[in-house]
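The chains carry the letters A, B, C and D, assigned in the order they are written, with residues numbered from 1 in each.
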Amino acid sequence: MNRLFKAEVVSNTHVSDTLSILKLSPAGAEAAPAPGQFYMVRVSETLDPLLRRPFSILRWDEASLEFLIKVRGRATALMRSLKCGEELDLLGPLGRGFPPPPPGATPLIVAGGVGIASVYPLIGSLARDAHVFYGAPGMRELCLIDEIRGHTERLHISTDDGSLGLKGSVVEALAGFLDTSGVTNPVVYACGPEGMAEALIGMLTERGVPGYLSIEERMACGVGACLGCVTRTVSGYRRVCREGPVFDVRELSR
Amino acid sequence: MRLEVEIGRLRLRNPVMTASGTFGYGEEYAGFVDLDRLGAVVVKGLSLTPREGNPPPRIVETPAGMLNAIGLQNIGIERFLKERLPFLRRFDTPLVVNFFGDTVDEYVRAAERLSGVDGIHALEMNISCPNKQAGWSIFGTDPDVTHRVVGSVRRVTDLTLIVKLSPNVTDIALMARAAADAGADAVSLINTITGMAIDIRTRRPKLANVTGGLSGPAVRPIGVRMVWEVSRAVAIPVIGMGGIVSAEDAIEYMLAGASAVAVGTASFLNPTAAIDVLEGIKEFMTDQGIEDVRSITGGLIEG
Amino acid sequence: MRLEVEIGRLRLRNPVMTASGTFGYGEEYAGFVDLDRLGAVVVKGLSLTPREGNPPPRIVETPAGMLNAIGLQNIGIERFLKERLPFLRRFDTPLVVNFFGDTVDEYVRAAERLSGVDGIHALEMNISCPNKQAGWSIFGTDPDVTHRVVGSVRRVTDLTLIVKLSPNVTDIALMARAAADAGADAVSLINTITGMAIDIRTRRPKLANVTGGLSGPAVRPIGVRMVWEVSRAVAIPVIGMGGIVSAEDAIEYMLAGASAVAVGTASFLNPTAAIDVLEGIKEFMTDQGIEDVRSITGGLIEG
Amino acid sequence: MNRLFKAEVVSNTHVSDTLSILKLSPAGAEAAPAPGQFYMVRVSETLDPLLRRPFSILRWDEASLEFLIKVRGRATALMRSLKCGEELDLLGPLGRGFPPPPPGATPLIVAGGVGIASVYPLIGSLARDAHVFYGAPGMRELCLIDEIRGHTERLHISTDDGSLGLKGSVVEALAGFLDTSGVTNPVVYACGPEGMAEALIGMLTERGVPGYLSIEERMACGVGACLGCVTRTVSGYRRVCREGPVFDVRELSR
């Protein structure tokens, strides 16, 4: 079981202007991740960029790990330009992933933008009776649609500009569903940008719907040592890399 | 090959320590590093009572460095003794507890509480953290105040007392002398350098605390210079740190005058950094036919 | 779009200047940069009489930075006026002459000699170079001495007087206030931070001078923090520098309080850096709908 | 005429453990260099390594520039691993190269190790009546031997360990030649490591033989602006990047 290892780029597929799927083949046997866990990736051997960057595991099997990467700054731009055969240095799997749903509950999987990466592994394991809510600013920021449909018919797409699916935010789409579908015993599994996370916490708290949310915060160590990645919870600051990245929404009601 | 070094009455099996705040309470990296191979483990700074620390964002990357504004979050001495010390006691490696206070009295009470506890081998007094905004950052920038607070702590503890100096001063040798005169067994430096970064689109500071402490390779030339200045000014051992990533960097600090070194930010890039530095020092000694690691200390040839 | 800024009585067509010592006497980069597009040209520091400077090696690269120990080599004021000024006079861009002395009297005589010369529009007083070893580095680290030397120069020149501050101090705001109180029209910062690097195989310093001044992106977080501190402490304009490589970096300095910026080490990586920074600022202003570049200055939103 | 330009790697031939020949194709028309001139190369777009590095021009034609690179530290290691199609940022040609020999003089071209790069362009232009002295610690540090022989028969090889040619230093070989060959009107063109340069200056000064020596010094700007690259001459410090890298040996008699 290896938590610090090298992995070679097997493929790097540009799925949109800013999104790419990076498939890596680890040099040795490495620990299997759980949905919602992440890896700290060192993009360059040089001192610039200096720190590792966190990425959620998208898909894996014995021979490979896949990540969905959205270009945000320097490290992600470098990752987009990686070529087959190049080597990365990985640390992981890290953090606490999504807990299994309680018996009888209906999982509602919610993703905003690149947040799909974090919840995607749940779709394969829970999709039989789960609904998937997937939103983005526009259709060009959505990806893996066909693969999701391969697992479930219950995909609810929404875009802010209405270019695909419902026009509006994914939180609005979910709220509408909760209020009208009559689903009993829902439990939400979500990941998305900060604005969506805030809206979701409010909406679920208001309705008393339980849920788990994967949070993003800037990280340095990824293992709980630096206290750099804390987020405010009802019981004070908690480390996203250790106590998270997945938190019970009730802990996050700020 | 002799790797042992002495810091006060503390014997380290080798000169490579961890830097406070970058190695948690030891447990976080125990899966990557055999703590029994380290010279010493230095834990995150503790205060008498728990501290919540600053709001996030607390860290931001900068060119070859990073800023942090953790704000000295810690679980407090009592919880540390109860919850964390038992794990650390399982190892044979000296444990150095880093601590701080808001007043001289708090420093003294913290030192008293930590002394005589089984499993704590030395104290590192942080008089230099630039994150706190209260007037107490003066502890590390005014030699008279430094002398007073170090002297007060010295009177209440028999443990090896290391004083950690701030680099945010005009004359660091002066500060080191104040600490040495007041009875410090060693000084460690450098702590982080106060810095700042701004998001030009939001126009807001990238750290919620506005300013933070710069660490990492970027600061190494400053750290090496300060260790050199301090080691020529005081007779007590100097522990060098600031941007050490490789054995080469550690040896640079030792040549400048450090008796031991600490690996900080590098652990974030490379969880086994401290051990890699140690192995590299051994290789260097073999290559160069150096028998005793202590002969590297202060070995700079000038002129 | 309005790009003009004022520094004392000096009007710059835009806020991007070159940093002293990194742009020679202007001519060296004239093949790459149209000097008439710059806000101002700041030339290498001059003294009354020529200086030989330090022996080589004078430079060494460090992580995201470099150390230099040029030792203030310069051709002296007289040769500058005769040999270099005629070339610079051909341009429409304000010329800022950086100068220094070993004594108050030398500062005064240098300022007198440079004042009233056609083609020199402002003086930048370097009280901060950390390379010289004589006791005079105190000019930049003791506020009383700073006040005295700046005041003495102020009395003999009507040119816009910029005082260049050293970052090697505990409290840079204090130094800035001393300069402002003594009549400086502006302050510029940061100069280089004293650092050192050692070749572990030869055990010798990598610079013949042992220590040198750290510049480049590595120091930017420190520079931005100091500009922020200074701009809140004085009413005169602040010229920000230290590690500016891109427009983004320049805007960061302006948001922290700088009225103008200087591009230094970046010119070595990229000879057109100053112009690239200027173009990037314009793009940013267009993107953000900013009409007047002066509205960026001090635009940091805290809390 | 372009002095700041991008160039693509066309080939990167490893000619020994530490030496490689990097062939670049500039993006546009660029100024033709003169023998002994150099380029400042930016190896990486990141800030580590930060500064450009100076390299002598080895060979050129309208479509390409070639450099001989010896791995010394970080930047040169990165250069050794460059792949075809990768792009570098170049500044040059810079500095003063070798002056033409006075009429009737016999050029003696002297290279120590990778110093061959700097004098190599002279071999093609002067070789008809020139002698070439080429030394290195061992035969594995010698390269381009066949190419040099293509230009001249008068190649004198020496190695410190005697693995090829004369055993001893290239300066000793040259001194022996000067003292025994009866060559009249010699003029030396040389480049090599610091130790060799010192020995050569002493040897030539002693014998009153004129010569030109290309000097290495650490550089930041390459254009004369930083005063970082000075070397001591009889008339004080001179910038290697502007007044050099080639100096008259008489100026260097320290």
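FYI, a contact is a pair of C-beta atoms (placed from the backbone, for glycine too) under 8 Å apart; a residue touches a chain by one contact, two chains touch by 3 or more.
Nothing here was measured: the structure is a model prediction, and the numbers come from that model.
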item: Maximum centroid distance from chain C, chain identifier (CA atoms); value: A
item: Chain A and chain C: spacing of chain centres that average the CA atoms, whole Å; value: 47
item: Intercentroid distance (Cα basis), chain B paired with chain A, Å; value: 36
item: Multi-partner residues of chain C (at least 2 other chains); value: 63-65, 216-217
item: Residues of chain D touching at least two other chains; value: 47-49
item: Contact graph of the chains (line, ring, star, complete, other); value: complete
item: Chain D residues touching chain B - in the complex, by the definition given at the top; value: 47-48
item: List of chain B residues in touch with chain D within their complex; value: 63-64
item: Of all residues in chain D, those that touch chain C in their complex; value: 3-4, 42, 47-52, 91, 217-232, 236-237, 242
item: Chain C-touching residues of chain B, taken from the complex the two chains share; value: 62-65, 67, 141, 168-170, 193-198, 200-205, 210-211, 214, 216-222, 224-225, 228, 243, 248, 251-252, 255-256, 284, 288, 299-302
item: Partner chain D, residues of chain A touching it in the complex; value: 44, 46-49
